[in-house]
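Labels run A, B, C and D following the written order; every chain starts at residue 1.
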Amino acid sequence: MNSQRLRGIIPPIVTPLDDDGHVDAAALTQLTEHLISSGVHGIFVLSSTGEVAYLDDTERMRAIDTVAQAAGGRVPVLAGVIDLTCARVATQAKLAAACGASAVVTTAPLYALNDTAEIEDHFRRIAEASTVPVYAYDVPVRVRTKLSIESLIRLALEGVICGIKDSSGDDVGFRRLILANKEAGSPLQVFTGHEVLVDTMIHLGADGAVPGLANVDVAGYRRLWDATQAKDWDQARLEQARLATLFEITSQIDGRSPDASGVGSFKIAMRLQRLIPSARMSAPVQETTDVEVLTRIAKLLRHADLDCGGLIP
Amino acid sequence: MNSQRLRGIIPPIVTPLDDDGHVDAAALTQLTEHLISSGVHGIFVLSSTGEVAYLDDTERMRAIDTVAQAAGGRVPVLAGVIDLTCARVATQAKLAAACGASAVVTTAPLYALNDTAEIEDHFRRIAEASTVPVYAYDVPVRVRTKLSIESLIRLALEGVICGIKDSSGDDVGFRRLILANKEAGSPLQVFTGHEVLVDTMIHLGADGAVPGLANVDVAGYRRLWDATQAKDWDQARLEQARLATLFEITSQIDGRSPDASGVGSFKIAMRLQRLIPSARMSAPVQETTDVEVLTRIAKLLRHADLDCGGLIP
Amino acid sequence: MNSQRLRGIIPPIVTPLDDDGHVDAAALTQLTEHLISSGVHGIFVLSSTGEVAYLDDTERMRAIDTVAQAAGGRVPVLAGVIDLTCARVATQAKLAAACGASAVVTTAPLYALNDTAEIEDHFRRIAEASTVPVYAYDVPVRVRTKLSIESLIRLALEGVICGIKDSSGDDVGFRRLILANKEAGSPLQVFTGHEVLVDTMIHLGADGAVPGLANVDVAGYRRLWDATQAKDWDQARLEQARLATLFEITSQIDGRSPDASGVGSFKIAMRLQRLIPSARMSAPVQETTDVEVLTRIAKLLRHADLDCGGLIP
Amino acid sequence: MNSQRLRGIIPPIVTPLDDDGHVDAAALTQLTEHLISSGVHGIFVLSSTGEVAYLDDTERMRAIDTVAQAAGGRVPVLAGVIDLTCARVATQAKLAAACGASAVVTTAPLYALNDTAEIEDHFRRIAEASTVPVYAYDVPVRVRTKLSIESLIRLALEGVICGIKDSSGDDVGFRRLILANKEAGSPLQVFTGHEVLVDTMIHLGADGAVPGLANVDVAGYRRLWDATQAKDWDQARLEQARLATLFEITSQIDGRSPDASGVGSFKIAMRLQRLIPSARMSAPVQETTDVEVLTRIAKLLRHADLDCGGLIP
């Protein structure tokens, strides 16, 4: 299905927003450039971190188009096509390809209550409609469904999907998936969505990682990747440990929703580093402006040797 | 917000499909007529039972338009506007009103991970955009989120929502909601989505019910309603017990998804009664054609004194 | 197995503790007398409300012995025999019978991870060892396991269990259980553990209720029972609504464990009414002494027309 | 609290049973000898794998006494003291120490519904009563409660617990625990209970592993440990991959409980290797005798280069 195996660090790029809540194309172009020049191996636009669920079709197309233009073919652009069920996802996949996506990424059906056979058929119908390769996205905390190893291998062998982004948090399952994939001839490209176990997952055989935190410290994840490719596992562990501590920025916004404190903290940390002009979130999520929170995030950035540009005293 | 309080039986109408999987407008017109002439107090089109998640915008508009035309103002037509987050739901609400919906029904955000304040704001934004009243739909098994009593009362007092369809399965919570609503001056119309506790919920003070099984036996639910209004609780309990046994049709399709065995069994039972011409389901859900299953469903229909038209020996 | 069908209100009696954390036998005797003279139909000692999990064997035997002595055969005394698996539960059942229990009440295995067949066998082994009838106790929030309707009916028809206390919160399931039990010839005595749906559950055919709140307002639950037996469902609903509001005492202790705020608030409300001398809880649970909480509980007691003896201004 | 840091492979030893379901002391002695002579660094008796929940006090004491005698001080013997709440666990801890246990291992309260402060106090009371060091055991699938990193570090710094066996399956949490522990001066000995991520967890800084599968292939886990200590991560991964495939024995007993298919498959694989004379399980769990299952397990043993002694053709 896809001529070339994708490997490495593929950040799920955040979506900068302007004051009206629309996609800020200029900022998104700049951010894409920053990530590519820092050595990423691909970009995943319209992920959960990219606030895909909050964007209507116009904004989604604008985001894909912007990233694809900015990438200019230097790295593949994967686009999230997250929608309720296959009829709609198929349409989204066509739109994404038309906007320049190299591949699309989608989940099991939302809202519907389906069984394994139906979920497999869901992916088959999307693949049939899509003109670009399809990656499966396993994120049970949002979708309710855990994709089974058997389904993933079967769909890959059929040529329906070419890879998987695993954000299930089930690491034992992830290792079993890696082993099962290898035994089946490695039909799947296997990516972890975890920020803090990238070294171990690559050691186990993952093809790469899709860490949201790479928006905040792309150089760190690139160094981590290089250490794993050099089989310098001690160096990889040290880099990963530093990033794991940095990931604590997502625990600084108390009493707020996961989207507000997770994606929200990424955006704040990026604004402090002047990587994006605004930390605005999509309605109804509100950006945090609490100075104490900002200060704690700035401290964690400095602790990780990242420059906060003096925005916070 | 709404001039008149809605009370009674409001079936979540199934969506008949033709051989190509499109909305069968003729069958839907006929079914609407059947329900209205059997005495329902409203119709809820594009509910979970109506396979809303599987239909794209074209099919959704066709379904609303058909039911609204067929109803011709005799009873209110509530339309489900189920989508990811408020930007999209607001658009769906406008389309639904344009197609003739008297009100719209929607859930907390899907896929997004929001907190209570964000969920309330989500409803406020939808209400602001909608030209017709908004009902909240609480169905945690599909949405992951349980709407809180405090949020519901607050949103009702603000005029954001006019009612709630509760399919949460949390009956203690439902009773507390009824009490809290009464104490607040009854700003909410409160409907239960349960098939088998309608008598007790109306006894407790619910304004009515939205039972999927009313597609299969609308006369039974109308008699149940009449018994509750006459305060003949023993008669109501007997009618409810008969319907609870009939509800066992949803447990006849073993090893299949909830949608296949739930909505699927309603459609089969309706086809056996010649209420719809086909039991076809939306892809990727497959209609069950197993003769043993059909026979068991036919038996349960006969046991409930419903005519199966001799389709099954 | 049991000569006589038990019906009515069977409070899960709280266990008063002395300053050293031991069972206060004098207070427990007095409380038993209060409940019986107020018209209860049985007493359930060593329930979750009775802090069974916190008491070692010596204290458990003391509690059963005290209640059985105080009851003096006027009403049946059911004893909770909550332990890990059947080997231990069987021993507990023998001890309970030796201390005067008329019947024992137990759950599916704890800690062990068993399937349906194993759980049924678990109950069979306990029944074989027990010299008194066995009730099943369905409380998934504590046990993790939901007992299936099929298992319960099968075990009842086999004579293994004589009844069920349902604290599962699954009211649709409870109604189906009632219908299935009736169809099977009513081998099970069916009791609800819910405080706030007693009227509806008895209307549906439950044999009675085991409400923890009856420790706080036994007269109210007795009036509620009498109204249901007189088929005065409006009166029952009013009494139940008053008790449902009173049940809000369990939501007054913010940020504490369910045991601290649930059982803890019962004990506080009982002490305020001078039904027990102390609201002390078993270690490691701490009694709440926050005056604001006590005041809110006292207000709810007065609102329910219960006398707080002037303990709180 | 403990003079010496424990590191390495500590198998949760299975409990061989005789035909009457009692602990088979001779077989347990032999198995202990086998594990120690194969180079384990400690033995954990009465774990979940050791069927602790099914054994009454007499059998528990017999098991501890047997293993402690057989170990003869060559390696530490940790004993599981699993019971409902602190009153009972404290007693179990005293009995375990009296039987020769070097340390005890226990969980958050069972059945009780406690908050973080109460759970911490639970451990404090157990430690106060115990004459030997206390390890915490985090196994939410059985206990319902996940122990927090903050609690574990605090209890370790207070000297209440000396280590943790993590069977939570939350590997991100486990990495954060390792980092937090290091930052706090490593007051905790940190062990993973996972069979298939031992290499990565030790790479991350875990002190060792408590893998049930080590009962089946102790030599493999010892080689895995040695590879990690030599920092030969490629060799460690290969050994771990072989063990991960072997772990598939736990997926061969379809449609049975986790205890029957998990511990049950370990016992079968051990009997096939003549490490124990019988695969009998504690009531109500039944040993699997299905020849197809045995054959599949034997195949997996052979695939892992383990000798099945010709018991299965």
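Annotations for the structure displayed:
Basically, a residue touches a chain if its C-beta (ideal position, glycine included) is under 8 Å from a C-beta of that chain, and two chains touch if they have at least 3 such contacts.
Keep in mind it's a predicted model, so treat the numbers as computed, not measured.
Ranking every chain by how far its Cα centroid lies from the centroid of chain A, the top place goes to C. Taking the mean of the C-alpha atoms as each chain's centre, chain B and chain C sit 36 Å apart. Taking each chain's centre as the average of its CA atoms, chain A and chain C sit 50 Å apart. The set of chain A residues touching two or more other chains is empty.
Viewed as a network of touching protein chains, the structure reduces to one closed ring of chains, two contacts apiece. Listing the residues of chain B that touch chain A in their complex gives 48, 52-56, 59, 82-88, 91, 109-115, 118-119, 121-122, 124-125, 141-144, 255-260, 262, 282-286.
Residues 169-172, 175-176, 179, 194, 196-197, 200, 203-204, 231, 233-234, 237, 241, 244-245 of chain C are the ones touching chain B in the complex.
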